[in-house]
Structure formats: C-alpha cells, structure tokens
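Would you mind keeping the following structure in view while I ask a few things?
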Amino acid sequence: MSSEADQNNNRNNNCMIISNEFNKNTIDTATTFSPPNSRQHLAVVSNSSSSSRPPSPPPARTVGPPGSSTALRTKEPEPPVFEKGIAGEISANFGQMVQIIFIKPLRIKVAVEPSNIIKVATFLRDNLGFDHAESVAGTDYPKEDQIEVIYHLGSYSREDLAGQVLSIATRTNRDDARLPTLINIYKSVEYHERETFEMLGVYFEGHPRNERFLLPEDWADIPPLRKEFRIKGR
Amino acid sequence: MATVPEEFRFGNFLASIIWIILIVIVVLTLVILPLTFVILFYVPLPPVNGEVLTPYLFLTSVVDPTRTLPIVKYLIHQTPFKVVVFPGFVFAAIIAAATIFVERKFLAKMQLRVGPLYAGVWGVSEGILQLAADGLKVISKEILIPSGADKPIFWAAPIAFVATAAAVVALIPVAPGWVVSNTNVGLIAVFAILGFFPLIALLFSWASNSKYPFIGGLRALHQMIAFEIPFILSALSVVILAGSLNLTQIATSQHPFWFILFLPISAFVFFISSLAELERVPFDLPEAESEIVAGWLTETSGMIYGLIQLGSYLKVYALSALFVILFLGGWSGPLIFPPQLGPADAIPLEKVLTLQGLYNPVTVNAIFWFLVKTIGIIMLMLLPRGISPRIRIDILLHTGWYKLIVLAFVNMFVALALIYAGVLGPGGSLSLH
Amino acid sequence: MEDLEDRINESQKMGMQIIKESDDDRLMTLSVGPQHPGSGHFRFVVKLDGDYIVHCDPDPGYVHRGEEKMTEYRNFIQNIPHLERPVIHDSTNITYSYSLAVEELTGIEVPRRGQFIRAIASELNRQVYTLYWLAIYGIFLGHSTMFMWPTGDRELFIDLLEALTGARVTHAFNIPGGVRNDVPNGFKDRCLRQISYYEKRLKEYEDIFYNNPLVRQRTEGVGILTKEDAIRLGVTGSVLRASGVPYDIRKAEPYDVYNEIDFKVQYMKTADSFARAYVPFLDMRESCHILRQLLDKMPEAGEVRAKLQANPRGPPGEAYRRVESGRGSLGYYIISDGTPKPYRVKISVGSFRNMLALPHLLVGAKMGDMPVIYWALNYWPVEADR
Amino acid sequence: MTSSSPSSSSSSPSSPSPSPSSPPSFPSKSKTPATTAAGFIKAIESGSKHLLIKRFTLRYPEQKLKFVGDGYQFDPKRAVGIAGLRGRHILYHDKCTGCQLCAITCEGIAEAIGMVKVDEQWKHNKKGIMPQIDYGKCVFCGLCVDACPFYALFMTNDYELSSFTKEHLIYTPAQLAIKPRYSGDVEIKIDDHGATHHG
C-alpha cells in the first residue's frame, strides 16, 4: 500500500528534521539531482499550454481518480519530478552549502548555514523566480540549544511555481541568536522578521527595526515563543 | 446582589403620585395665582374689540367662549408670539423634530430595516416618541469639557449656533404677513447670518483643543466659503427677476410662473450649495467619522451636541423654506380651504369650535402650500443620504469653485437676457403686475 | 498603463517633495486608532502636512492573544475553537487549512462527501466575510445604505451556516478528518434559492455603490499598488488580484475538491482602490457560481467524517498548508513532535502580509483617502495580531 | 484608464456551466455608466426602489427563528454529529456514567465543565458525579458532546441564557436535565419582493 510506504518515508524525513544537524549530509540527495536544462524543459512542456492565458487553471497535479483523496496525499513513493528538478538546480549551484531536507509534492525544504542564506536567497529570487516570502516562522529547540528560522517562499510571477512553497531554514544559537536579515532580498519579510525578533529574540542583523511589534509596550519578560516561557497556570 | 433592583410596591407608587399632586396644588395656590393677579393688576392691558381689556374681562373670557377668540386673535398677532411660537422658533423646532423622525424612518425603509421602534405605539406609529426619549437622554447626560479647552467659547458656540439658526428662521415668511422680521434686505440678511456658521464651527473646533475637531473646523471653513459664492450667485438671478430683496415680495412676484421654470440651473446650484452649507451627505466632510472621528463635533457631549443638532435641523428647515420662496413661488397654490368652517349663525359654542373670526382661509391655504413644498424639499435633501457616499475635500472644492460658480453665472445671463428681451421683470410680457 | 505610471510617479514625487521641504513644526501627528472609528483594533500613526500624509507607522498588537503559544498547550482537536477567534467572521476558512495541515501530519483521509461539505461551508463563509467587509467599506466612504444592505444579506448567509453548523459565527465546523455533522434536510434547496436571490442583490449593490459616480470618483486612481510592488511586498488575496496577478490558492494549489470545480480567478489590472474594492465583489459573484457546482456535484450520501482516535497524533514531521480565505492565502505551518500536541504552529495570515502595503500606499495620499485605501487592503486587525 | 474591465468577469457568463440545470441567473456586467448623470439616476432608482421592498428585520423578542432539529447531537457509533443549533446542553441523568470525558475535553478549550457530586443513586454511575457547566466560560463549540460515548450529553435550541449574576450562569446537573421549551416559528421567506422573516 502506497500510503504506508509514504508514512515510512515521511517519518524518516521528519525524524531527520527534528534531529537535524548541519554539515552532516544524512540524506542521499544525489538521487534527486538532475541537470538544470532538463528540468526547465520539463517545466516548459508541462506548462506551455497555460502560460499564455493568465486566468486559466494551472496544470492538474492530482494523479488518480478525482476527489479520491487530497492533492497532496497522492504521493508517489519517489519525490515528484518537477520539485526534484528545482531541488536539483539548487544543489547543483551550491553543492554542500545547501542541504535538501525533504521534497514533497509542492513543498521543498532546504537548510543552509546563516552565513550562506543571503547568497542562497538571492539565487532563489533571481534565478528561480521565488519572489516573495509568505511567512517567517521561528521554532525553538531547547534540547539542541538552537532556534530554527524558516522562510516560506512562494512565487507570483512564475505560473508553474504558483503552488510551490520552498522553505529555506537556517539555525542559530539560542543564547546569542543572531541571523542576517533577508529584508534586502525579500521586502515582504519585514514585519515577519520583526515579529520573530520579539517572539523568539532572534536579532536580525541589518534589519532597520528590531523592536516591539505585537506584544504590549510594557512587555518585560523573555520572548514568549521560547519553550521556557510558560503560560501561567499550565 | 446589587444588580437586582429594589422590589416594586404599588403603595409606594401611589404615594409618590399623591405627593406630586399635593406639591403642584401648593405651588399653584401659593405662587402662581398671586403672581397672575399681580401681573394682571399692574400690567396695562391693550384694547380688544374696541373695549379696554381689564383683568375682569380677561378672567371672564375663560368662562365666556365667544370672548376667547378675540383675545387669542390679538395675542397671536403680537411680535412675541411670532418670535417665539408661530413663524418663529417653536414652529421651526417642531418641523426640525419631525424632520429627524422622518429622516430616520425614511432611511430605514430605504435600507431595509425598521428604524426607531420601541418608543411609540406598537404597530401604529413605531418610534414616534424616540426623539423625545433621545432628547431626555441628551439633557440628562454629563457635559464633558476637554482639558485645556477655551471654556467661554466652548460654552458659547453651541448656543450661538442655535441662535444663529433661529435668526435665519426669523427672516423666513410662511404666509402673507406672517414673518417675524419683514426687512427690505431680507435675502442679504439671510446670507449675512449664514456667514456666521463657519466662524462658529471654527471657533468651536479651536476651543475644543483637540486635533480632529480642528481639522474638521478647517474643513467646514473651506467648504462653506467655497459654496458661499455659488450660493449667493444663484440667488442673485432670482433677485434680478424679482427686482427686490424682500423675501415676501420675491415670493409674491412669481405669481403666475415660478422662477424655477426660468432658472432651473440656478435652482440646482442653490440646492447643491445648500446641501454643502448644511453639511449633509454627500458634503458631510466636516463630520466625516471614518476619517476625522466626528469632525468639529468630536468633543461635544450631552446637551451641547443636542443644541448643535437642533441648530443644524433648524438650518435644514430654513434653507429648504428659502428654496421654496426663491424658486417655488413661496406659498402660492390653488385655494382648497373653505371660506368658513361653519355656518355664520351658529350657537356661541359652535362659533368657538369653528374658530369664527380667527379662521382666515387665505392664510391657512398659504401655510398649507408652503409646508407642502418645504417638506418636499426637505425630503429631497434627505434622499442623498441613502444613495451617495461622502466626497473628498479636493473634489468638493473643485466642484464649488469651478463648476457651480460657472453654472450660476450661466443662468444669471439667461435671466438678464429674459429681462432685456422684455419677457420678464417689471412690465414684462409674462408678468401680471 | 502609461497613465497609471504617470500618476504613481506624480504621487510619489509629491510625497517625497513634501517630506523634503517640511520641517517638523509643520507636521501634525495624528493617531488613527485604536479609538478612531476608522481603524478597528489597530493603530497607525500618521503625520500630516496639510492634507497630505507624509509618514505612516502601523502599530498592531492591541488584540494579540498569543494564539501560536496557546496551541502548544492543547491537542489537535482542542485547538480548533480558539484558532477561529482571530477572525470569527471567516471561521470556517481559518480552521480549514489547520485541518488540512493536521490531516497531512496524521495521515487522516477525508471522505468525499465531507470534502464537499467543507468546501460549501467555506464558500458560504467567504460570502459572510466579504459582505461584512463590504459593509464596512461602505460606511468608510460615508455610504450608510451600503452598510445596511450587506449587513442584512449577510444575516441570511449566517442563517444558512447556522442550519449547517449549529452556530452563527464561531462554527468550529472543520475538524481533522472531515466536518462535524452532515447537512440538514432541505439544505440544498434552501441554499440554491438563496443564491439566486443573492445574485439579484449583487446587481443592486453594483447600481448603488460600484457604479455610483461619487464612489468611482473617490476610489479610482487612489492608492495605486503596481504589479511589481504587489509582488515585492508579498501581498495576497484581493489586493494582489487587483494589481493584476491572477493568483488564487484554489487554483494554484487546489485543495480537497477544488480541482473539480470550474471557476475563473477574478482579477483586475487597474491596481487602484476601486479594483481592490471590486475584486472581492467579483469573488462573491464567482463564489455563487462555485456554490452551485458544489451543491450539484455533492454525493447524495456517504460518510462526512473519518473516524478519529481520541487524541489524533502523527509521526514527527511538519506541514505547511494554505487555503484561500476572504483575505487571501491563509497558511498553517505545523511542526509535530509525535505527541498529540503540536510542537509549533505558525499562522501565516493575509492581513499580516497586506499590512506591509499600508505605509507604502498611505505616504503621499490625502487624509481623506485614508479610509478608502486602508480598508480596501482587506485588513482584519484581529487576524493580523493573532 | 477609468473603464475598469475585469478581463475575467466578461467571460464568466459565456463559459460553459458544468451544471446546465442551474446556469447563473444574472450575467455579470461591470460597465461604467455612460455618464455621471446616468450613474446617479441608476443609484437613485436603485435606492428608491427599496422603499417598496419588504424589510428583512427579525423583530427578535417578539419573533424567534425556527431552527433545524432539536439541537446539536452526536452519534458515537457512526462518529458523526447531527445538525442542530448549539445552545444550552441537556444532560440525561439515566445515561451519564460520570466518566469525565466531557470535562477532560473542555479542559483545553474553555474549562467550563466541572464534575460535581449528585444526590442520586445510579447503577452505572458509581461515583455519583455529573457535569456542571459554567456558561460564563462555555464557548458552545460542542466538542464535549462529541466526546460523550453514552448519548448522555446533547445540546438544545435554548440560547437565551443571560442572567443578572455570574452564579446564575452555572448550571447544575439538575438544571441541565430540564428539557427547554423553545417556540421559534419564524422562517425566512424569499420571493420577488425581497426576503422577509415570516411567522
């Protein structure tokens, strides 16, 4: 049964995320590589019919009888081709700097070192067409003494990337949480990064306003989304 | 259990009513009756029906109904009555109150809701007492004065607002001879008094010591000045045709043909300008609540707000009455009232009931037609509130300075051409006098 | 389009010039909100030079409730009632993507009829939200009739949702694994009757509001957000579509049954406030179209809800799922560590993303245009604060 | 420039409707009025037309809406709810086993349910505890009904729960057992003259 295999696959991937360590390539991403030319060729072929008319629906991604399950749940045992192509292009450009964490239909997650994130993000914007950030989420991992900040990038300008969300994750130390800001590459992260600063205490170097945003003006406690902050009475 | 009210007891209720009656009787016997006698003895009473009105006659008139009517007739032709009651303040205030009620119901109907509902008779006239309830509420509310406000101006401005509105009302004739102040420069006087309103708005907004009222006051000033000129120009063409500034003469001079037939553009400009003058939708910029909270009324509270509302609805009446006088022939209309309400040889009581001697069919007819036209214009002024949004300040100024002034001039030239062609004016072919 | 660019350049030039020339004494600082009738639970400080806004600083957070922290203390089912609080007028949509994400994490399959009922509730709720938004847009323009009519018509949709879900506003209807209950008897007929009535009403809205010359005068050419800026700022929903980007999550990433539905993404190219006000209206009309199809294609009988264990849990992992809500893309990023409670939930809401366009559009605009621009951004303060 | 022509709306009526039985009854038009005056006249006509249309205000205390069914219920066997209004709860004392599942569910939501001792002897309820609900906290999500596996806790159509004090909002098991009497009979009627609430 395919879904069971999925689960296993999924679990393997996800376990990897939680116990993720940089610089250690635990997943064999080499199988997902493919030459950039062939990927683009694929993309053009699959979307050439729809690219001329803006309001037309993007190509159907569902496999199998319609409605039998959600679009995302009908997964092939191996990662889908289009997403594999994008991931392959990233890997081909950056090699060991970028670590592909998972490739699912419409979702790719890559992890990079903080020092490389600006380079990678610029490449994603300029060469791959991911032109805006949907959200910036910070997660606290006290056991590993790290904070992960993940940018969900999407694309409005490229038709074939409309449903794709590329997550680019980076980690920083918990005690002195500092990350370079992406505001010069993605203007849309401005408020999200500001929120991450006040919720998790991650200082974004280069961000013009690392200051209070949503919390009360007289907030005098640790950043509330850190795990050691407890809601009273719970 | 402080929230649970004290138990109601019918005995206490009865006792309180009896106490009130007792107090009223005591006050009546100890204060009011002596005071009446003193006044009747020491104030010289005027002659009525050829004989000098003595306190004795005055008191017997209460018993003899035939003597009541002459006294009433005498009283209602006196200036104080005119100022206070009939063409003056109370009459206008009643129309203003009715306007508020009609506006709420009318808008509610247009917006598919019911409007004021509970104060009134269920099923018959829902919400007719809503205004009284609102008035009571407004009177009983505390008046808050912002810190740092200029107190004398803050207090004086709402009173000046109502007084100015009442002064406009005083110049409006409602029937031949029924006007508080029949001046020869009536129209100019109206515009002169209307010119006070932006000043009051600005003073009040300054005195409030707050930002939103200040912006609102400035907007009111801009708006009223921008619309003052087309306002006056559109009325000027009426003056050209009528050859007079006296409002009564303007009304009577359009006897066969109303001026709106010759001056439709002027009438349109006058109507739009008066909407702007009244700060009504779509020109309610000084009170635009989504932009500047409530404009120059932001800091008003309690009866200050009530007075300003009263004044602005008095203005609604005054300006629609002015429109009727200038363009719709004033009180002219077919005579539909009978010459007498009852037979001439009736018994005294019936004479009183049919108001013989007091009833004048011409005047009643004039008042009737005047009211009909005025109410029609008021309804027309209420209509935009249901269908149009507020316009922006620059569009408003552009409309006032560029479009309306030009339009007013256009019709003025038409009026002049008509006069020089000998069609209208004194001795014109279409004038009967 | 040249005309459009000229206008932008003009307005931006004007804004820049004013900033340069003005010294601080000339500027008046106005605090729009939180007690201002035109702001909601939100404040933005504007600086005025005469009637022009030269500076704008949004200050949200007045209704921040820490929803993301609260989720870490509750299991996946218990999170539903409080997660819909940020935007109770669109409460089906805000729990929709949450349910999708939890289903992806826990591996629950939704029955086909359940998917249809979900989509129907979602479309009905989109109408409810957009009508409410339109009502407020009407009163922001001083158009009191446009406040009352949508509010009244919204009531009819609320009645429909009440019959379907049992609550008027906070439905708590979507649940991981499907929906809480099946549709009541006669729901389809009632729904269809109401849609045809409602389409007549939409025509009236157009007559009195959208085609009203004064409304046009106030909204057209005001607050132009070019396509490039819209993409750069990452705005979403109707704001994005009004700028000429035909992007709709229902098309881009069809969830549940939306890939079987035939509909057009409504978008406009004028990129002004009028377009931003008109695109939701077109969406409502298209939503009627979608509702008809959904009601038509819905299976007659079947399960509506997968059987759940008491505390659904999945393997450790993460999921990011989005739906198209009334305010645009609404995404949930959920990390699960294998326990019944989520490890981290991030809600990516349209309002928060559209807020970035507010200072961008307000600087250089007139104070009188402030409500027109502000509310056309489809900004819901409570949702942005979460 | 001013003519706003949404490229998609013009084509939507002509697009083949997948459900031929119910095509969109009103083709979408979004044309700018020819002149300003025409727009005004259209608006005035639309506004004044509504002076003749019935109002749809529900005069609430005099009229009450009719609801579907007897309130939200849940069938634990099929694991699916039955549509109905989520109002005040009703507790069947003869079914309640005192298992506390409802209280446990509510713990993370509103903390409105507490288990209290009752003076009743039931074979299936050895502990003699039953839920007591604080409606000052309840959010009416109905998840406690979903949690009850014994058909003991349902919801009813009674939604008028206001009271002067907070204590009166706490409903004991005995109060919860009373079946409320709700007599709403007003329904929405939609015809050519608009939608009205009809008794």
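Things worth noting here:
All chains are identified by letter, namely A, B, C and D, in their written order; residue positions are counted from 1 within each chain.
What we mean here is this: contacts are C-beta pairs under 8 Å (C-beta built on N, C-alpha and C of every residue); 3 or more make two chains touch, one makes a residue touch a chain.
Keep in mind it's a predicted model, so treat the numbers as computed, not measured.
Placing every chain at the mean of its C-alpha atoms, the farthest one from chain C is found to be B. Pairs B-C and A-C differ in how many C-beta pairs touch across them, and the larger number is found at A-C. One simple way to say how far apart two chains are is to compare their mean CA positions; for chain A and chain D this gives 39 Å.
Note: centroid distance chain B to chain C, computed from Cα atoms, is 47 Å.
A separation of 24 Å divides the Cα centre of chain A from that of chain C. Taking the mean of the C-alpha atoms as each chain's centre, chain C and chain D sit 22 Å apart.
Within chain D, contacts with two or more other chains are made by residues 7-8, 40, 43, 46-47, 50, 56-57.
Residue positions of chain B touching 2 or more other chains, listed in rising order: 110-113, 386-388.
Looking at chain A, residues 54-55 sit in touch with two or more other chains.
Interface of chain C with chain D (complex): residues 3-4, 73-75, 77-82, 145, 152, 155-156, 159, 162-167, 170, 172, 180-185, 192-194, 196-197, 199-200, 202-204, 206-208, 210-213, 216, 220-221, 246, 262, 264-270, 274-275, 278-279, 282, 285-286, 288-289, 292-293, 296-297, 303-305, 307-308, 310. Taken in their complex, chain D has these residues touching chain B: 40, 43-44, 46-48, 50-51, 53-57, 59, 164-165, 194. Only residues 1-2, 4, 6-9, 11-12, 15-19, 21-22, 24-26, 28-33, 36, 39-40, 42-43, 45-47, 49-50, 56-58, 65, 67-69, 71-72, 79-86, 105, 107-110, 139-143, 146-147, 155, 188, 190, 195 of chain D touch chain C when the two sit together in their complex. For chain C in complex with chain B, the residues that touch the partner chain are 28, 30, 36-38, 51, 138-149, 152, 208, 212, 214-215, 217-218, 366-371. Against chain C, the residues of chain B that register as touching in their complex are 107, 110-113, 211-212, 215, 281-282, 284-285, 288-293, 385-395.
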